[in-house]
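Chain naming follows the written order as A, B, C, D, E and F, and within any one chain the residues start at number 1.
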Amino acid sequence: MKIFCGRSNPELAREICIYLGIELGKCIVHKFKNDNTFVRIEENVRGKDVFVIQTSAIPVNDYLMELLIMIDALKHASASRVTAVLPYYPYARSDKKDQPRISITARLVADLLETAGADRVLTMNLHSEQIQGFFRIPVDQLLASPILCDYFSKSGLENFIVVAPDAGSAKRAEKYALTLGLPMAVLDKRRDPLNDTVEIFHIIGDVKGKDAIVFDDEIATGGSMIETANALIEQGARDLHAGAAHAVLCGDAPRKLQESPYKQIVVTNSLPVEGEKKIKKIKVLSVAPLFGEAIRRIHEGKSLSELLRKHL
Amino acid sequence: MKIFCGRSNPELAREICIYLGIELGKCIVHKFKNDNTFVRIEENVRGKDVFVIQTSAIPVNDYLMELLIMIDALKHASASRVTAVLPYYPYARSDKKDQPRISITARLVADLLETAGADRVLTMNLHSEQIQGFFRIPVDQLLASPILCDYFSKSGLENFIVVAPDAGSAKRAEKYALTLGLPMAVLDKRRDPLNDTVEIFHIIGDVKGKDAIVFDDEIATGGSMIETANALIEQGARDLHAGAAHAVLCGDAPRKLQESPYKQIVVTNSLPVEGEKKIKKIKVLSVAPLFGEAIRRIHEGKSLSELLRKHL
Amino acid sequence: MKIFCGRSNPELAREICIYLGIELGKCIVHKFKNDNTFVRIEENVRGKDVFVIQTSAIPVNDYLMELLIMIDALKHASASRVTAVLPYYPYARSDKKDQPRISITARLVADLLETAGADRVLTMNLHSEQIQGFFRIPVDQLLASPILCDYFSKSGLENFIVVAPDAGSAKRAEKYALTLGLPMAVLDKRRDPLNDTVEIFHIIGDVKGKDAIVFDDEIATGGSMIETANALIEQGARDLHAGAAHAVLCGDAPRKLQESPYKQIVVTNSLPVEGEKKIKKIKVLSVAPLFGEAIRRIHEGKSLSELLRKHL
Amino acid sequence: MKIFCGRSNPELAREICIYLGIELGKCIVHKFKNDNTFVRIEENVRGKDVFVIQTSAIPVNDYLMELLIMIDALKHASASRVTAVLPYYPYARSDKKDQPRISITARLVADLLETAGADRVLTMNLHSEQIQGFFRIPVDQLLASPILCDYFSKSGLENFIVVAPDAGSAKRAEKYALTLGLPMAVLDKRRDPLNDTVEIFHIIGDVKGKDAIVFDDEIATGGSMIETANALIEQGARDLHAGAAHAVLCGDAPRKLQESPYKQIVVTNSLPVEGEKKIKKIKVLSVAPLFGEAIRRIHEGKSLSELLRKHL
Amino acid sequence: MKIFCGRSNPELAREICIYLGIELGKCIVHKFKNDNTFVRIEENVRGKDVFVIQTSAIPVNDYLMELLIMIDALKHASASRVTAVLPYYPYARSDKKDQPRISITARLVADLLETAGADRVLTMNLHSEQIQGFFRIPVDQLLASPILCDYFSKSGLENFIVVAPDAGSAKRAEKYALTLGLPMAVLDKRRDPLNDTVEIFHIIGDVKGKDAIVFDDEIATGGSMIETANALIEQGARDLHAGAAHAVLCGDAPRKLQESPYKQIVVTNSLPVEGEKKIKKIKVLSVAPLFGEAIRRIHEGKSLSELLRKHL
Amino acid sequence: MKIFCGRSNPELAREICIYLGIELGKCIVHKFKNDNTFVRIEENVRGKDVFVIQTSAIPVNDYLMELLIMIDALKHASASRVTAVLPYYPYARSDKKDQPRISITARLVADLLETAGADRVLTMNLHSEQIQGFFRIPVDQLLASPILCDYFSKSGLENFIVVAPDAGSAKRAEKYALTLGLPMAVLDKRRDPLNDTVEIFHIIGDVKGKDAIVFDDEIATGGSMIETANALIEQGARDLHAGAAHAVLCGDAPRKLQESPYKQIVVTNSLPVEGEKKIKKIKVLSVAPLFGEAIRRIHEGKSLSELLRKHL
């Protein structure tokens, strides 16, 4: 077994290697002056079971091409099996054709990974579960949800309610609500029929006097999270918490969240949370043991389902 | 252009041909005594643009194999393009891996259709939009929703509310609610923490004194529809209506629905509604003009997006 | 090594497992109320060498789809190799294009198996040997012929003749005749030039006063077998026996054969011979040791050719 | 439409072009001094419907590679469709795995043709009909049989019998017998049980005092034809005729056939019959009009089945 | 016919459309805040012959993913044919495995383009001609060389010599020398055997007192060009000119070239030469008419070879 | 591990087996009288790691088809991995499209090898390094260059110069020059502008009074080597030597080389040098240890790069 990583989240890769008690594989990954990505694997991988860790951080396309080139180099260097480990899957929100003449890019990415030579994929909390069907190669999806639930459970949950930030995430929120034994509410967002530019936010369900946890799969611009917070406060909710697997936090999301009504925002390190992203309100839970254990089991041919059963 | 159909819904195929003003292509489709399906296309199709209409009625596997064999026969008879027209897509609910070691059969079906030689697919109201991403060939998805909304709009909608029969269909219900300009509610279904075999149904949102339309993509056993009806009545809803694109109506669903609190159940003829399925409460809207128009546009290279813009 | 089976012939699968001294793998295979087939593998198969036993019994399409779904589930559950074990291959008679615009469905089935993820195929007595060429994956074909010959040899063969029930099976009959050291005859079947609806049956070769064994690869409706029997009796043959690898026995074949002039009909359990199929005249020979041994050798990388050399 | 040919049978290609009233496409096909085949198409073929005529004459591998290179050159020169026209299909007798660890080379050739870029295949009298199933691309098989039957019918057929030179060709012979309205017999060939090196030939069926026509799909070494002739004469047949689609005539077959008891040997020009192959007893019927008409119909998208209906 | 372009070189795309007298197709191409590229084609393309123009400018990976997503969107919007027009092919220098365990990324890019759905490729002056063999789809390679030669010829070429900046480009330089009727020289670059960090540059051939044109396929960092200039001057060459098809000009190449001994640097607009790249010494020749004419011919099925014959 | 060989260079195969200390695998390879190639593997290869040695000697197409059929037979006999060992790769010079409407046959050969079932390729001194990119399967390229350099170094190299026989091989010659620490020169070959049929040869660089070694990748007709020799002598070179990896030596090349000014011609046994090819001036160096060691390392999953580092 060999583990390599691209440049998107080397800290997570190092933590995973520590969990597994092995050294991170050596490879050179850089860009030439003409902006072409270059990869050279610095260790013999013939007949080896190789895992490449690369998450879809920003710059997204650079990290994706970096991954494809690494896989190609590993396959032509005769690795016996290459597993692409994608803690945060690229283009996961482009998973349907909800406008004419657009690309289902999450599917295109699956095809590109297969073309480059990936033999299997290990990922976490896909935006929609159907993305697993975009692959012909086996895909294992880990879940950050139990890690998030554990964290919130320990803090005590009396008089709490789970809130879905839109109708599309109602099902996901319901799972959290079931696990935590809490009631749930849903944000209903629509345009004002009298003035099309005004959006009206309405909470379906009773949140008055309750502490709320808003769960989503990822926090990107933070807009949806903050709209939900405002609507919750308007309808009399008390303390607000947010939970999400992936901390994309693009643009001025960190600042906006720090200034928002949330008391805390709980995420994982599927994406690096560093520098100005590391605001005070954010709590980062590590998924390194989860990925490390999954990699170990895949390598040894043991079942992953047990690992998932502890989860949502 | 030539249109052929299997044995799953010949009535719909005939209606589509009437819309298009052409004759249904001749072919022999039967089973030998050894239960092997046999297909012989009875017209020259060399260089023709061929559409094969087959819906996923019961018996599901027989109709699927029939379709695969027809496509194979057409391709080897040198049809220039074969479009599989699937008003109700087979195995659409098997679209994710929500248990260990199961098949994403909706994806497998996509692969089988491509293997048999289908060049494109025309379908309607997929269980999840991501299923389009299961195909490498182009897929056009039609929507029955505007036909259903039109129907309900004409009957007057004062004091109505749209209801999602579970959290997973909240997003779909939201679209109906937006189109019809109605508020919405969601059924929250969970096990009793004290007694695991008892399910508790709770409506999130306020339905008291309102007439409700419960929307789903399909009605199979009717169980989910009837649970929702009971919860709605318990919480004080008045008249109940049901709307769905696909009328699977398996087992004793027709009888149960006839005896249920619903005043009417509105569906389309994407699946044949005949014999004992044709209960009094059911209202069947035809999608033949929708499919006919889509086929005409595909054949002539015109845009389908206009056809969809009128829809949800 | 793991062995699973579909619902087409569990008895044979159990016998094979007894031969191998291992337990049949656990899996759930059933149909939902909407007639959709569902499969869940109940054991970890990561990195395992898996064999799936499914014969093409009636209902043919259901069992075929069941097999495809099982293979898909196993591959996505990371089985390292999946061998489809098909004692009676589906659609084997649809192996050529002898009419315009038909499907070579035996080839389509090969493509579907590969698409679902089968890595190799183990089958027995294909209707034509060329079907092996329909696959890109390796195919091993076992032969029931030595088992049938052994059985007849033990009963004594003095004054016997081998008869082919039509010109197309002359080559197969010749092989039996060579193995048993017997002369052969062929049934020549043609339409009366004076009256096109009347068929004339004529035996080429001398059968007078001889005991005859009519060999075919399968007995489906029994029509061909009974026509041959009548022609043999007309030309003075004495006791009649029938031998075939596959006992399809569809429709009222069992009754017709029981009432026919044959003294006995010898077949194998490549298809289940149960219930009303189990007529008195039928003798069922087990191919479980043959399949068990072949599976063992495939698993251990040993040669199968020795196993076949004992055969025709 | 453009027609090109390799170097295997330019005379047939020219005859086909005369039938179609078009000129043969210009191309350079030769071998470099290092024995590498070189092809350059000398006319623009962008968007054209191209047919490449190449039969499997000797040297077989050179002509096959020549064809593959021509197809590759045509596809990369942007021909819209390339049909490989193979009057005599290469490696047609290697169509099954009747020994361990051999290649089904007829299937491999199908794969090679598809890999090189062939979009369809037009061929004639395949050794076994199942070979059509070796292709994923459409295959049209023409039949020389009606041309042969016409020829024999014109000469008068009173007191004739059709003879199959072995059990494997009994079905083919039966078709000729049915078309010509003649009885049939089959040569039964086996080893002497007392002395394994001696072969015993026995005619099943009554040939005494009859004129016989021995039909096969091809005449290669002529050995099988001559053995049949000897057995027929031994059992009292009178005049002997031979009919076959393909005149391979390898080694000293021409001389042996000229010295054999046959009065005439009727073949087609699917393979060139020139030089020392053109013995006196041989009668060559042209298939150029048959191929020319088939090419015209394929190009114009008309049915070929009518063309075949006139045939066996 | 429709022409679309990405964001890499819209000016060239506009010039090509002017040459063709058609309007550039409308499409939206931008990045979401989460750095995901988004594409929506704003015109119906069903059954259309579509060309997408995208050159490999910096940022390379963004423009490549943009192109892949555009092709995917166009194919799923049912374009009948998509030609990727790549004036400067991405990763062209990664065309061989000259170190262990690296990727032949130019080949990977070819695979990615095919996977996304490209039906053909139109490009110019590939780094090595073998890259055409990396594709299974047809590739047309245009040549800027005659445009460069025309330009230099007009300026008068008395007492000139062509110089190859390294041994690997000797063959390319030889073609220029042949076209221009000039002698040639080659720069021999090697390490000092006494001091491994010192590179020794030596001109093979006689350049004394001559005006030199140094030809390369691209100018990236300019380093190789400037080393050649220094060696030429040292060996007594007079005026220096540089010619190259592709103006990558990365880093401080523009400044270094402006300060170099070259009198002028002649390139094409296969890559945008704008802003600080537009130094005084640079002369940009347009390839828009060349690409425009090639696109017209590809669309109309006319030969491109005539277009190339005017070239090197 | 098993090693098999075709009929192109059995002597080299035997040497390789001696190096490895294993026996050459048994197989039957011959041609039937109808010129069809037949292969039967005579040993069980189930699950084995198989290497097939076949070089592209004359007759080229026969040996290529022989190899494809062997690979197909091995894969269908369930070999776990088949490595095609091609000391001299077929059609290596057809690696680009330098004329309109020709085939890049080196790429077609790569596709044919993959289609037949090759899992990897081991070859030596490809005509251009880009050919590695024609394959999707892993390719290892060995280099004869250090073997040649070793040989020349031992003879003493004072006052020597390396010469490239044309501009296209300047890069290759440069590598030899760097390894041997020698200066280099290049033959510039062009047509006389006054008389187009006369070729003018001119050596770029100073060869006067020096001993020259002309390096090329292969010697086919010997024409290029002899032209270079003549130009060298004209410009005052002294003793001439030639070095090349592959000894194609077609036509009367042996005789011409023997009569040429070269003192010796050093090649390897990648192609058999036997019979009249074995002229006095030729020195054949064995690559058997190189291939044997590479095969051993591939089988054991060890790095090949060390093996290459000793090389150019």
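By definition in this document, contacts are C-beta pairs under 8 Å (C-beta built on N, C-alpha and C of every residue); 3 or more make two chains touch, one makes a residue touch a chain.
Nothing here was measured: the structure is a model prediction, and the numbers come from that model.
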Could you work out how many touching-chain steps separate chain C from chain E at minimum?
-> 2
Chains touching chain B and chain C alike, please list them.
-> A, D
Any chain that touches chain D and chain B | C, E
Taking all residue numbers at the chain A to chain F contact, is the shared part over half or under half, that is, same or different?
-> different
In whole angstrom, what separates the CA-based centres of chain A and chain C?
-> 51
Between chain A and chain D, the Cα-mean centres are separated in Å by 62
With chain centres taken as the means of their Cα atoms, state the distance from chain A to chain B in Å.
-> 32
Of all the residues in chain A, which ones touch at least 2 other chains?
-> 76-77, 97, 100-101, 104, 111, 139, 303, 305
Which of the chains are touching one another, listed as pairs?
-> A-B, A-C, A-E, A-F, B-C, B-D, B-E, C-D, C-F, D-E, D-F, E-F
Chain C-touching residues of chain A, taken from the complex the two chains share = 120, 138-139, 298, 301-303, 305
Chain E to chain B touching residues, read off their complex = 44, 46-48, 75-78
Quick one: which bits of chain B touch chain C in the complex? Just the residue numbers, please.
-> 33-42, 45, 58-62, 64-65, 68-70, 72-74, 76-77, 90-91, 93-94, 97, 99-105, 108, 111-112, 115-116, 220-221, 248, 250-251
For chain E, which residues count as touching chain F in their complex?
-> 95-98, 100-101, 104, 106-107, 111, 128-134, 136, 139, 141, 164, 166-168, 170-171, 173-174, 177-178, 181, 183-186, 188, 190, 193, 204-205, 303-305, 308
